[in-house]
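As structure tokens, here come the structures.
The same chain A turns up in both complexes below, where it pairs with chain B and then with chain C.
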Partner chain A sequence: MSKPPSVSPLVRSIEALSGQVIADCYQCGCCTAGCPIGEAMDPPPSKAIRLLQLGRAGELLDSEGIWLCASCMVCGTRCPRGVDYALIAEACRAVVLRRPVRSGRVGPETVTDEDCEEIPQQAFMASFRKFSG
Partner chain B sequence: MASYAYYPGCTLYTKARELDLSARKALAVLGAELEEMPAWVCCGAIYNTADDDFAGRIGATRNIVRASALGDTLVTLCAACYNVLKRAKARIDDPANAVERERVLNFIDEPYEREVRVVHYLDVLRRDIGWDAVKAKVAKPLAGLKLASYYGCLMVRPAAVLDFDDPEDPQVMDELVRALGAEPVRFDFKTECCGGYLVVNRKDVARESSARVLENARAWGADAVITTCPLCQYNLDRLRDRDGLPVLYFTQLLGLALGLEPDELGFDNCAVDPRPMLAEKGLL
Partner chain C sequence: MAEGKSRRPEVAGPEPAGTQSASTDKPAISPVSRRPRVGVFVCHCGINIAGVVRVPELVERAKTMPGVVVARDYQYCCSDPGQQIIRDSIKADKLDRVVVACCSPTLHEATFRKAGEEAGLNYYRTEIANIREQCAWVTKDRDEATDKAEDITRLAIARATHDESLEPVGVTVNKRALVVGAGIAGIQAALDIANAGYEVVLVEKQPSIGGHMAQLSETFPTLDCSQCILTPRTVETGRHSRIKLHTYSEVAEVSGYIGNFKVRIRQKPRYVDFDACTGCGLCMEKCPARVEADFERGMGKRRAIYRLLPQAVPNRPVIDAEACIYLQKGKCGVCAKVCPTQAIRYDDTEKFVEEEVGAIVLATGYELLDHEKMSAYGIGRVPDVIDGLAFERLLSASGPTQGEVKRPSDGRVPKKVVFVQCAGSRDREHGMPYCSKICCMYTAKQAILYKHRVHDGEATICYIDVRTPGKGFEEFYQRATDEGTTYLRGKVSKIFRQGDKVMVWASDTLAGRKVELEADLVVLASAVVASPDGVELAKRLKMQLDGHGFLTEAHPKLRPVETLTGGFFLAGCGQGPKDIPDTVAQASAAAAKVLAMFGQDKIFHAPTTAWVDEDICVGCGNCELTCAYGAVKVDLQRGVAAVNVALCEGCGACSVACPSGAMSHRNFSKKSIYEMTEEAVR
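Right, the complex of A and B next:
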């Protein structure tokens, strides 16, 4: 079935980058209920998607929530509508990180020597790939 | 002796050496060996999903292309390498991504001809060797040990691509636990996230997620938690400020059950030393 096009160009580019259809979400809240970071994440997955449905992408892009996703893929696994919020959050971060102003959350300068010694490099690779431009 | 092309990844020769070492030694007892693939590069440690982020998937794809020259199977051990390599391969093989495939393969400029399967070490145990053969080699049954198999995210999700095990209630490590004579404990947080890479800039959040996993395993009566991910092991074992449950690689206990010397298995690398608990159970 064909979908009505999203109103906002920003939402359209988030849909293109994520491959997800924002209108598919019927706001059941399963994603937020299962999200291990949901309590700390503002907005949590379902609310973030609602903002996009309402054409308020700017609010989501300015939020802290998209920077708290651990890419655990629970939300997409449990969504009864086949919507994967992890991919949407990544698309939102991509939009922000590709802006000409520096907006990454992590980098070599944010890591302490002690953490550098201790934490597995797997975590640095993953964190820098998700949270720096 | 069966030999498998093996992708170790960046963490297994450094901060997770004991995972690599115990896995190799245990596999040798079972009559197979891991041969490190030449010229591997970092898989990227996490799969980049943005549709046009071709560059973010090149490293992983390069490994797939190089592995395809070696044989039909590539074995991984780190949960993140497994996840990333398998997803990158599915991406490049999907006809819907023909443009990406052509551009990325042109850029890599090496032949990608043969079908190569990305598998996990646990697949080798489960499919190629089999639980009966593992059981037959057990020299020291882990009797009386209750183990919580912690799969986390990367082994099971996204299920459609990984096709590894049930994404909500996976069983393969529990089957191994049984084969080793130990008792698998049922618990709720088998596939709950440890907080992953959030440890880098939001340790508070990762600590909370990890603590919940440990507390739940404890509540269900586990003596220890086992994992196959260096980052899960680190977050659970090192971020805690309370629960004292040991967190080990499954390969360390596999090695112990197969009769390897405890000194060879890297138990001293755990923040919470599992040896007193193992000694109490009469296993050391």
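Right, the complex of A and C next:
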């Protein structure tokens, strides 16, 4: 379905990665209602898509919710508009993981305790693979 | 009168049935017999056309085109002075064809053809070159637009050059109407037509009339009792001297054409003599067989011999053969024993009756979405999840619980009721993509009525958007919230049973969180869908349906109660979901259209129909298979196809399907198409 591309380049790349059309969502909240960890998800799926609709992708990428999503795909299965949030969350994770790091090399010794708290484990592994050795 | 065969126009044109005599523009019997004299009139349409197309240049170019004797332009050709210019020019320049380069023919073709006719030019010799919608509005560059406008005009001139003088086909009208479906739409249409003095045949598949409205408790936004406002209409219909009622019957077959239909009606066996029965009801009291009542939508039972409701019109029971012990096992016969008038007829069979009518109103109505389409909502599996119509029966004073709200599983009064809106509506992935229009209001009404019945009850409505575009609707919605109904914004994801409770997974999108609700009863506002029986009938009648089975109107704005097939009209939810006031208004509108037809002794049909060159036709029957209107039939005796011009809508499908080129289209012949194509690729 052809829809005008989103204004924000970040949202556009999330759309491209996930294959989902953000504008298709009409904010009924069915995804949030069915999410098995909906109480813990912050932001919950419908709100996350709302942030993307408003071009506020940065807020979503910094959130914890995208890492909590277990990709059970209940949201997408019951969505009346055919938008699959599990794929969007996956795309958001990919965007975070692909962010460039400032220093050229990464080793376990360079990681501070603070980083350990903040950086997702997947990101550690990915960066070790890419930037160590 | 139209005959079932066509003639070759070169030999003899169609019978002059119109007001104009055939001699009006005698010289042009055949286009090749003399040089055509074409007048071209280019309309500015304010700046709509002139803002893009260089009109003076187009006029100059038109003057050089073959056959053109005069070309002029005017600000608004559709205005009175604009039409006068055309009329004057026809007389002064002795024009025998006119081309108006202006807007779409759907808007002003009739205007200009009429203007030409007033100046003595045959109605079918004026052609439109659409240089607005197909050129000015879709082209930015002025040079390109002017070139394209020239091309379009040249094509129209090529077509006009081959136009013959045609006369409209006159058809006599049988001034009786058939109304299919006796819900409130069919009842209203039938009453309006009958009260105007014409006979109506009203066919209803159920044993009595009233449709879904007879199932409703009270109606929004006034909360007047549905039965109380409906029964005066059903009684009037039942007693009307000009309404012939066929209940427990279905339309089996319709043949013929506008003004002259033959209808075959199948009457299902009632097993009760309609004339002998007095409707005393003794049989229904004594019948030992009990089955689920469809009318009560799973909320109550009925006997094998039954009527839908105590106020049934006609008040005559029927026997459900599948439930009747005597008809299944040959034993019982209680109803026959107790009947004081010996009206039971176990040997009854289905019968067919024929009716002749001139117009048909289709009021085939709606159903609610199949439970299977909403598997996540548990309906059909969880007993305390019911649909909106079932809840109407619980609220109805004449319903199975006499208006007391009791849940189906254990008969307890539910203290917490969750109403789920958009159950299948606005859901293109699992249900129907459209809005069912009535659910926002009836859910608000049901919540209000529930709170009236159960004072300490809690009503929660899960909604996506509340839509209240109607008189008094917004106020009614406010009333629901004022009376303590909780509105929770979010679509429900899942409904399931937990112990004796029903759990609802909803969300509160305004607070941005997931919500789990515990309910005693859940009411789904299931999507309104076209009645499956209506869809089946419409397909047999070759009516046009939209992608969801709703009947398609001839024009969404300007011809909302007509269909594309002459003589067929629409009313009620068969055309699309709507509430009672809209349904009644539409039914009266359909009746008005029928009456407008009955006001004439003859109706005239456009003669731009298909015709067969019998010298070429081999009678292969491709045309007959292709025709959507049943207008073409192969005459088996003579081995050639014959066109019923009264039925033919001039769509042209048959002439495309014809392998030998025998089938053609008056004033859109193959020759004119070739020449237009030649002009287009020049």
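Just so we're on the same page, the second predicted complex is superposed on the first by the 99 of 133 C-alpha atoms of A that agree within 3 Å, B and C clash if a C-alpha of one lies under 4 Å from a C-alpha of the other, contacts with A are read in each partner's own complex, and residues count from 1 in each chain.
Going forward, contacts are C-beta pairs under 8 Å (C-beta built on N, C-alpha and C of every residue); 3 or more make two chains touch, one makes a residue touch a chain.
Here the structure is a predicted model, which means the values were calculated and not measured.
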Which superposed partner A:V74 touches (first chain B, second chain C, both, neither): both
Touching partner for A:G19 - first (chain B), second (chain C), both, neither: first
Chain B versus chain C as contact partner of A:S127, first or second or both or neither: first
Chain B versus chain C as contact partner of A:E90, first or second or both or neither: first
Which of chain B and chain C A:G55 touches, first, second, both or neither: neither
Winner by number of chain A residues touched, once chain B and chain C are compared: B
Chain B versus chain C as contact partner of A:E118, first or second or both or neither: first
Chain B versus chain C as contact partner of A:S46, first or second or both or neither: second
Chain A residues contacted in one complex by chain B, in the other by chain C: 74
Partner chain C, residues of chain A touching it in the complex: 26-35, 38-39, 41, 43-44, 46-47, 74, 78-82
Chain A residues within the chain B interface of the complex: 16-19, 36-37, 40, 68, 70-74, 76-77, 84, 86-87, 90-91, 94, 105-106, 110-111, 115, 118-131
Chain A contact footprint on chain C (complex, rising order): 376, 422, 426-431, 464, 489-494, 505-509, 512-515
Interface residues, chain B side, partner chain A - complex: 9-11, 14-16, 42, 44-53, 56, 78, 80, 153, 157-159, 167-168, 191-193, 195-202, 205, 208-209, 212, 230-231, 234, 238
